[in-house]
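Structures for review follow.
You will see two complexes here that share chain A, one where it goes with chain B and one where it goes with chain C.
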Partner chain A sequence: MIEQYIMSVFIYVCIYIILTLSLNISLGYTGLINLGHIALFGIGAYSSTLLMMNLDLPFIISFLSAGIITSLFGLLLVFATKKLKGDYFALATLGFSFVIYSLLLNLVGLTRGPLGIPGIPKPSFFGITLTTTFSYLLFAIFITALCVFIIYKIVHSPFGRLLQATRDDEIGLRVLGKNTNLLKYKSMMISAFFAAIAGSLFAHYITFIDPTSFVLHEVILLLTMVIVGGIASFKGSIIAPFIIILIPELLRFLSIPSAILGPMRQIIYAFILLLILYYKPRGLFGRVDLA
Partner chain B sequence: MVFTQLLINSLIIGSIYALVAAGFSLIYATNKFLHLAHGVCITVGAYLLFLLFTQLNISFPIACILTIILTSLFGLCLYLLIYRPLQKKKTSSVILLIASLGLLILFQNIIQLFFGANVRSLGYLRIEHGLTIFGAIITKLQIIIMCVAILLFIGLLFFMKKTKLGRDMRAVADNKELASIVGINPKKVAIYSFLIGSALAGVAGILIGLEQNMEPTMGTELMIKGFTGAIIGGIGTVAGAIPGSYMLGIAENFGIWYLPSGYKDAIAFILLFIFLLFKPEGLFGVVKGVKE
Partner chain C sequence: MKQNLIKQNLITIKNLKKSFGGINALDNCSLEIKKNKITAIIGPNGSGKSTLFHAISHLISADSGEIYLDENEISPNMPDYWIASLGIARTFQDARLFRNLTIQDHLEIALSQNDDSLLKSLFGKKENFDEKIKEILHLVGLNKPLNTLATDLSYGQRKLLDLAAAIAKPHSIMLLDEPVAGVNPVLRNEIKHILKELHKKGETIVIIEHDMNFIMDLVDYIYVFDYGAVIAEGIPKEIQDNKKVLEAYLGD
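After this line comes the complex of A and B, so read on.
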């Protein structure tokens, strides 16, 4: 029983490592103040689920298609908001997450609305179905390692440096003849793709999704992870999910009733976020400020 | 029949949105960051009234006055204890926005911890038959909501136009550096804007607590509507935020004439998005600082 619990905690850590890294691509490396990342996570979870359940597509195909669909949503978001900056961009991305949330809630024919979608099939490929938690954990670790490797390659490539240059000096980069809008689109698409991978891992693990998993306060958790780890810090985005997920899990051992546990967890996240913003706004391993 | 009913419903909810938006806009205009935790001030207002009136049995008018004062001080504390120290470290407005989001979630959950996630009701007014005006039904409370809101707006606009402090506020909103050169203290202006803005949130909390029920997440929902109203009207202008919020009320209520009622919230979000994309300065705002 306890092994099951520990394994499930580590599956969450894997999911959040991918999510934090993916948010750090847009928020940290490119400097797009993206507060709507949770919506992209949700779109990924729903698209993978619906493709697999409604169209009977094999897992691998729906898994990857979810990434592509979500990256198109990401593109739509930055394309539409390309003229906005600072607070207004942040507000637009926040608005985007509300729009997606209410669509998930109201497109009852597609998403079953507030009832959610139960019985999401476990991943299966080459005739193997991942029924046990242990096999899912191995799968999650494999996918996470793959994502970490790819994202590492991306952010440390010349393209990754261009993204950072877009954040630091957009006008300067334009003077050098680079199309910064195009860089932002690409960054957001990559970010959204990995958010969808995380969403899909999440959906196929808990086998039930409803719109409440993708609402506003989940954004706080993501922002806390990115900021605690550090803006544009690769190492930080891997370490922070461990810290942020494991701290509230310790509360479980104090036998606190679940009605208190839920809000306590959110209070801890919000509190950590405020403390880090005040005392160490660059996070544990960050090198740059969020401007 | 349906038309007048929808119009009246729009004006009632528009009044509440406008109270939220006016406070939010006032704080944004003088401080230049998005104080999303304004939403939690509404929740604090509603629950304070619940605590003072229902639990401590203080008489209703006194409980209301205390609620407004305490909510106003709560807003000021947020400014002095959180935002001001952050501003002193020269943090960007985006960090303040993220901090305000953190505060919103923090206090929403603290309230949930103390009062539970259940819906609470004040139980001050008995359920009564509404009056019928032009075929539309309206309760006395709803008339009071509209009158209180309109009186407060007139008072607020008069204050902004005619008093020394109001003029100082508009000066700081327009150009902070220039205002401090001519001897206006921006810190004092910021303190007063938080006091007044949060007091308005307290009033909104009381009214919504009387009209509907209360739950810990109510503030977040109203906050979204409030800033949508503020953006429609033009976020830096208090005078614009008020008509903007009434328009939002009208759009929501008339929208569900055609769409299923579940889309009521979606209408607000889509309107928010459309305005941010095509007219971020709002209907009555100025273009400054919005676009590149």
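After this line comes the complex of A and C, so read on.
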């Protein structure tokens, strides 16, 4: 029983590693203060689920299509807000996450609204279905490793360097002949693609999704991970999910009533965040200096 | 005859106007930038010099007037990055650097033509600019390790890196906005030397400068700005003795 629990915690860690890294592409590397990432995660989870359940598509196709659909939503978000900068952009993306939440809640015909979608099939390919938690953990680790590798390649390539230059001085980059709008579109699409991969991994693991999994406090959790790890820190994005997820999980062993456990977690997140901001304002591994 | 004139010019500006809420930053400004020459634009604070650079590089859009690059009119709707890729390199009064990137990053970004493609960037042949970077840094005399972050450079070094990036960027003309403002006298002379070297190589340069003494033995031609209009033009010697110029600088 305890093994099941531990494995399940590590599956969450995997999902959050992908989410944190993908958020760091748009937020950390490109400097787009993107508060709508959780909505992209939700779109990924719902697309993959609906494609598989309604259209009977094979898992792998749904999984990848969810990424493509979500990256189009990411493009839509950044295209619609292309005139907005800084805080205004952040507000617009926050608005985007509320819009998506409302859509998930109210497009009852498609999403079943507040009832959520139960019975999401487990991934299967080449005739193998991942029914056990252990097999899912292996699958999650494999996908996470693949995402980590690809994102590493992207952010350390000349293209990734341009994203950082966009963050540091957009005008300075434009006068060197680079189309920073296009760079932002691409960055957001890549970021959204990996958010969807995480969303799909999430949906097919817990086999039930409803709109409440994609609300504001999830954004806060995600931002906490990015900040604790460090803005635009690759290593930080991998290590922070371990810290942020594992530390509150330890509380479960203290036989605290669940009514207290929930708020207690929030207190711990806040406490970790405050400690980091006080002692390491750039995060554990961050070196990026935002003007 | 008129066509011929334009041919010798790299940039021709006709009746450029720009006003900011009733104040004319550029007032029917017309000028010609000759190929392979250094042209200076001087004038008191707020006389529209930087506004002219911003208008040429489309960081602001002019209200009316025409700008020609070689013989082609630049469409007013062309985005700024496009103007840059037509071959206009520029620097700013306050160097616009990427604070978390290194010296090498800056120059590679300036030199590279296809780093904005993700696929080429991931799977294409790695571009090697090492020789070029060495050459440019030698020219501007910036001898810091290549992996130094821009944020760790001093004011003068930042100016040099900004200049180096403008040189590295493929260009046919360089617009330098006060390259020696706030720079110590030693570095000032070094920058003058760099500009002379660039001149020898046949570069076309436009330089905004306050200090007459700095440009007198450096440039080929001078335009004097006041209230957004050209009040005088000529070779340095003519400008030095021009009454109007003295008035604009010193008052009546």
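Note that in this section the second predicted complex is superposed on the first by the 284 of 291 C-alpha atoms of A that agree within 3 Å, B and C clash if a C-alpha of one lies under 4 Å from a C-alpha of the other, contacts with A are read in each partner's own complex, and residues count from 1 in each chain.
In this text, a residue touches a chain if its C-beta (ideal position, glycine included) is under 8 Å from a C-beta of that chain, and two chains touch if they have at least 3 such contacts.
Just so you know, these numbers come straight off a predicted model, no measurement behind them.
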Practice task
Check the residue A:69 against both partner chains and state whether it touches chain B (first), chain C (second), both, or neither.
Solution key: neither
Exercise for the section: Scan A:95 for contacts with chain B and chain C and give back first, second, both or neither. Expected result: first
Practice task
Could you look at A:161 and tell me whether it touches chain B, chain C, both or neither (first, second, both, neither)?
Solution key: second
Exercise for the section: Considering only touches as defined above, state whether A:137 meets chain B (first), chain C (second), both or neither. Expected result: neither
Problem - Partner chain(s) touched by A:288 [first = chain B, second = chain C, both, neither] - result: second
Problem - Which of chain B and chain C A:21 touches, first, second, both or neither - result: neither
Practice task
Of the two partners chain B and chain C, indicate the one touching more residues belonging to chain A.
Solution key: B
Practice task
Report for A:33: first if it touches chain B alone, second if chain C alone, otherwise both or neither.
Solution key: first
Exercise for the section: Check the residue A:182 against both partner chains and state whether it touches chain B (first), chain C (second), both, or neither. Expected result: second
Problem - Intersection of the chain A residues that touch chain B with those that touch chain C - result: 289, 291
Exercise for the section: Give every residue of chain A touching chain B within the complex, in rising order. Expected result: 33, 35, 80-81, 83-88, 90-92, 95-96, 98-99, 102-103, 105-106, 108, 113, 216-217, 219-220, 223-224, 227, 259-260, 262-264, 266-267, 269-271, 273-274, 277-278, 281, 289-291
Handout entry: Of chain A, residues touching chain C in the complex
Key = 153-154, 157-162, 164-165, 167-169, 171-180, 182-183, 186, 190, 232, 287-289, 291
Exercise for the section: Report the residues of chain B in contact with chain A in the complex, numbered from low to high. Expected result: 33-34, 82, 85-86, 89, 91-95, 97-99, 101-103, 105-106, 108-110, 112-113, 116-117, 220, 224, 227, 231, 260, 262-263, 265-266, 269-270, 272-273, 276-277, 280, 290-292
Handout entry: Sites on chain C touched by chain A in the complex
Key = 57, 59, 79-82, 84-85, 89-90, 92, 96-101, 105, 108-110, 112, 115-118, 121-122, 127, 150-151, 165, 169
